[in-house]
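My structure is below; once you've seen it, I'll send some questions.
Letters A, B and C name the chains as they come in the text, with residue numbers starting at 1 for each one.
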Amino acid sequence: MSVTQQAIAVGQGFARPRPVRRAWFSGIHGADYVWAIAFALPYAAIFFAFVVYPIAFGLWMGSDPALYDELFADPRYLTAVVNTLLYVGIGVNLKMFLAFLLSGFFMRKRWWSKALLVIFILPWATPALPAYMSIHWFLNGQWGMLNNILYTLFGIDGPVYLNEHWMGLGANISAYIWKTLPFWTIILLAGRMSVPQELYEAAEVDGATGLRRFAHITVPMLANLYLVCTLLDMVFALGDFNATYFVSGGGPAMSTEVLATLGIRYAFTVALPRLGVAAVMSALPLLIPLVILLMRKLRMSEGQL
Amino acid sequence: MLSGSVGLAATAALSRPYIANAQAKTAVCWLNQGFIPQEDEAMKKVCEDYMKASGNKLDYSIMPFMAQNQKTISALTSGDVPDLVFMDAPSSILPQNAWDDKLVDVSDVVKPYESQLAESARLCSTFYNKATKSRSYYLCPIKQGATPFHVWGDLVEKAGMKISDVPKKWDDIWNFLKQTQAPLRAKGMRKIYALGLQVTTVGPNDGNNLFAHFLIANGGEGIVTPDGKLHTDDPKVREAAIKSVEFMTNLYKEGVVPPEALSWNDADDNNGYHEKLFVADFDGTLSTELAMIKDKQAFYHDMVTLAPEQKNDGTPMKTQVGTGGGYIPKGAKNVAVAKDFMKYFMQPQVMNENLKGGLGRWVPAIPQVVKDDAAFWLKSDMPCLLPYVTEAVLNPTLPVYEGFTPAWGQANAEQLWGQAHADVIKNGMKVADAVDKAFKRTEQIFAKMTFG
Amino acid sequence: MSATTAVRRVGHRLHSRLHYRVRRYGVEGVCLLLGLAIVIWSLTPIYNMWLIALSLHGDIFSGDLWPSNPSLESFRVVIYEDFWYLARFWHQFGNSFYVGLMVTFLTLFIGSLASFTVGRMRLRNGWMLTNAALMTYVIPASFLAIPIYRIMQIYGLGDHLVSVIMALTTFATPYAIFIFSQYGKSIPMELDESARIDGANPWQIYFRIYLPLMSPALVAVGTYALLLAWNEYLYNFLLLSSPESMTVAVALAQFLNSDESPWNYMMATAIIYALPPIILYYGFRRHMAAGLTMGGVKG
């Protein structure tokens, strides 16, 4: 029997509960060890060449305590912190939840699902700069498309969205979700596809309804992936300045600034890059627990299935 | 040996401004991309001409403004610097880096031209260095830019008024132009506004620039003096600030400004102007007009460019000009060649040729150039050029305050005045309170920079 | 069975069949609505971009819902490189492809190798590698630009496309490793074991079993890496100086040189530029379902 045939045979027997045994249970020996090291080398090389020094340098850049005094004295800083918490909290969690639901939606076998998926990933594929600028113009109070639609369809004069703090923040978050939702949906979709069909079929035979199958198979299987994605996306969202910069520009009156845009302003508008790094690093107390949590999640990777 | 030749060249600056090196050296230059292709062509030509004349080689890259900004800051932070950086608007980078002793002193390049340079150009090129505890030239000035009024003359006529009736005093100009709104709306232009007042905190500079001019018009130009000191405690300055904020917020409240203006970014006001969303605005350089150069009707007939004339007390108004040119980061490997190139560039005829290529969007830092080449600068068939040149070169000008101290740049970056407008308009603060709040924060920022 | 009971039973069956049909069509309807909502949500800002791209310069912000003078002029300008910002459009397009494909390939290859060796071969202390990978994200990429610029200069890679490729691979790979580890857990270890017994060496297991089963994750992460490299502009212009080496993402940034720019050209460029990743994804979409067939073949 060839390896592939054996694999299929083994895959068939998957639904039966079995104690998980590791492929190289008794440890890697000899030649295998060499292979293992060889496989690990490429990433290790990248890490030592391109991560160690830059991260160390970056941490050094933000390490001067005087920078933080200056940072806290800036009246925009506190607003930026609150906005960042909202931006990350809502932007990430709402998006991941939607991604989870939509991944289920896209699992359905419809002839138009595939086509829809291609349309769906358009926001992700479009370059950020023009896309966000387009949203900024879309929301313009005077000649933006949204208000034009409202006027044409309903005859109402829409408000000036970006003149209000909450609408501006909402616009930024929505724009960010719009742009990145497809990405996470695809990841979760891939995750859903890894859940073996046998489990669903076995459950159906056992008489479980759709909702129970969902709660007892889908959710546990995807839980870890969902968590990892959420944590990673929080890290990404913390560093995202494009959405805020181009959609609301931090306005009105700098009330929608986030730490990333504040940092970029410090770094490139007043040539104080160290202060810029300090701005994002002031989020480290939030970031470090996330990273540690991620590390633990990844470490606990034995016997998940 | 090289420094000896440079010394020789400095003394013989006008007759033989460049050194012909026995060994040709290569200087790495980062030049900013222009606004129209002709600007880039003109830049390339200067570089090529210099290379031919001197035998030195320039390894130049023309890069987009944003890219160059970020690249330069990265270079200055990491220490891997080019030999020359040439920017149209270096006021975001220069003050802080000169303060931190990261730039090469270029007095030897600028001094020979000192007497010919406009005073504002000199002041814009002088920065304080904390390490040497003194001011010196760190920028080789080549070009300057000012802020005129851009008005749709055809809309003014349509409103039944005449451009020739535009008053001379600053506030009166605004009051005159705001009267165009009612008649135009009555004629069916449902969405038109009179004034594109950039009372915004977004976008790097429009709001700050506008406010600075209001301040000047109201007599508050002494807010920062060339020694870098802040004078918010001066009652004249405070009164000027209060009058300015009051005037601007009143305009907004009267409804002659598009409500969106509170959150306009850098391009929104320009887009609005082109769309004839409003009749007039006050925005930097001639880019507004030049962008429509292909629309003959608009460019040659409809658009009117006006230079501010008088402060509110009737005395002539000096407007602020920014200055662009070349600077040399410390640690550059080929300082001599970089300096030599700038010396070449600063020659009036070279400066002139280069700036003419840009269709006059930037004016020369040496005023005499404009008078010598009057055919282009003063008698141009481009109607926008003469008012602009008058404002930026012929009339006396003030430098932007960034050169006096980096603190002003930081205060600007915090958009304190846009914040003051927002406080009054959105949060109902009293004008005096909003001004005091902005002053307080400005004082905090200035307190961090100690001279001497 | 009495007549009433029979009638009742038939009635009941009819009722439940109707019920079933209503529910099915109801669900279908909801799905259709959801699909419609997705289309509107995804396409609206993009429609705005189309609107601008199809407008002539003077009409861009006229506030029409449909361009009053629709014109393909912007697209023509981009394709024929008729505007000075776009003078090297196709060459830069080629650069984008080169960088994009290299980053994708390297990320997928290095990432899958690393997750294979740590997750499946259980390299001792392999967790140190994945934890170290996480360090990459401690500081957001936009702020790491300056140190990375420095280190590329130190390595003498200034102004080479290789520096951009390596920088972007460095950012994409840790993410790839995490997703592969998570996804790889669903592939039973028995497969590896039986292959070992069969005499396969680790490379064969990696190549013949692991990679095919990972297809959906490979497609997902590959698209991510491609788009990261495709649309990234900060590192591109920071690490490169000459216009020869720039990608289209950087060319787009030129439009922000001043507050006046032909936005219609910019939008047309963006639209054309967004197409290749979409087409590539469409080409690979079959592989998104591969896992299902391998993992769940019926006996």
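The criterion applied here is as follows: a residue touches a chain if its C-beta (ideal position, glycine included) is under 8 Å from a C-beta of that chain, and two chains touch if they have at least 3 such contacts.
The structure displayed is predicted, hence computed values, not measured ones.
*Asks:* Would you identify the chain whose Cα-based centre sits farthest away from the centre of subunit C?
*Replies:* That would be chain B.
*Asks:* Tally the contacting C-beta pairs at the B-C interface and at the A-C interface, and name the larger one.
*Replies:* A-C
*Asks:* Give, as an integer number of Å, the spacing between the C-alpha centres of subunit C and subunit B.
*Replies:* 42
*Asks:* Mind checking the centre-to-centre distance between subunit A and subunit C? Centres are C-alpha means, answer in whole Å.
*Replies:* The mean C-alpha positions of subunit A and subunit C differ by 13 Å.
*Asks:* Find every residue in subunit A that makes contact with two or more other chains and list them.
*Replies:* 61, 137, 140, 142-143, 267, 273
*Asks:* Where in subunit B do residues touch two or more other chains at once?
*Replies:* In subunit B, 70, 73-74, 77, 191, 203, 271-272, 275, 277 touch at least two other chains.
*Asks:* Residues of subunit C touching 2+ other chains?
*Replies:* Answer for subunit C, listing residues that touch two or more other chains: 61-63, 146-147, 150, 253, 256, 263.
*Asks:* Flag every residue of subunit C that touches subunit A in the complex, lowest number first.
*Replies:* Residue positions touching the partner: 31, 34-35, 38-39, 41-49, 51-52, 61-65, 109-111, 113-114, 116-124, 126-127, 129-144, 146-148, 150-151, 155, 166-167, 169-170, 173, 175, 177-179, 181-183, 185-196, 198, 200-204, 206, 208-209, 216-217, 219-221, 223-224, 227, 230-231, 233, 249, 252-253, 256, 263, 266-267, 269-271, 273-274, 277-278, 281-282, 285, 288-289, 291-292, 294-299.
*Asks:* For the complex, which residues does subunit C have touching subunit B?
*Replies:* 57-58, 60-63, 84, 145-147, 149-150, 153, 158, 234, 237-238, 241-243, 250, 253-254, 256-261, 263
*Asks:* For the complex, which residues does subunit B have touching subunit C?
*Replies:* 30, 33-37, 40, 61-67, 70-71, 73-75, 77-80, 191, 203, 266-267, 269-272, 274-275, 277, 283, 287-288, 290-291, 294-295
*Asks:* Along subunit A, where are the residues that touch subunit C in the complex?
*Replies:* Residue list for subunit A touching subunit C: 1, 3-4, 6-8, 10-14, 18, 20-24, 27-28, 31-32, 35-37, 39-40, 42-44, 46-47, 49-51, 53-55, 57-59, 61-62, 102, 105, 108, 110, 112, 114, 116-131, 133-135, 137-138, 140, 142-145, 148-149, 152, 175, 178, 182-183, 186-187, 189-191, 193-198, 221, 224-225, 228, 232, 235-236, 238-241, 260, 263-264, 267, 273, 276-277, 280-281, 284, 287-288, 291, 294-295, 298-299, 301, 304-305.
*Asks:* Where on subunit B is subunit A touching in the complex?
*Replies:* 69-70, 73-74, 76-77, 92-93, 96-97, 191, 200-204, 258-260, 262-263, 265, 268, 271-272, 275, 277, 406, 409-410, 413-415, 418-419, 422-423, 426, 441, 444, 448
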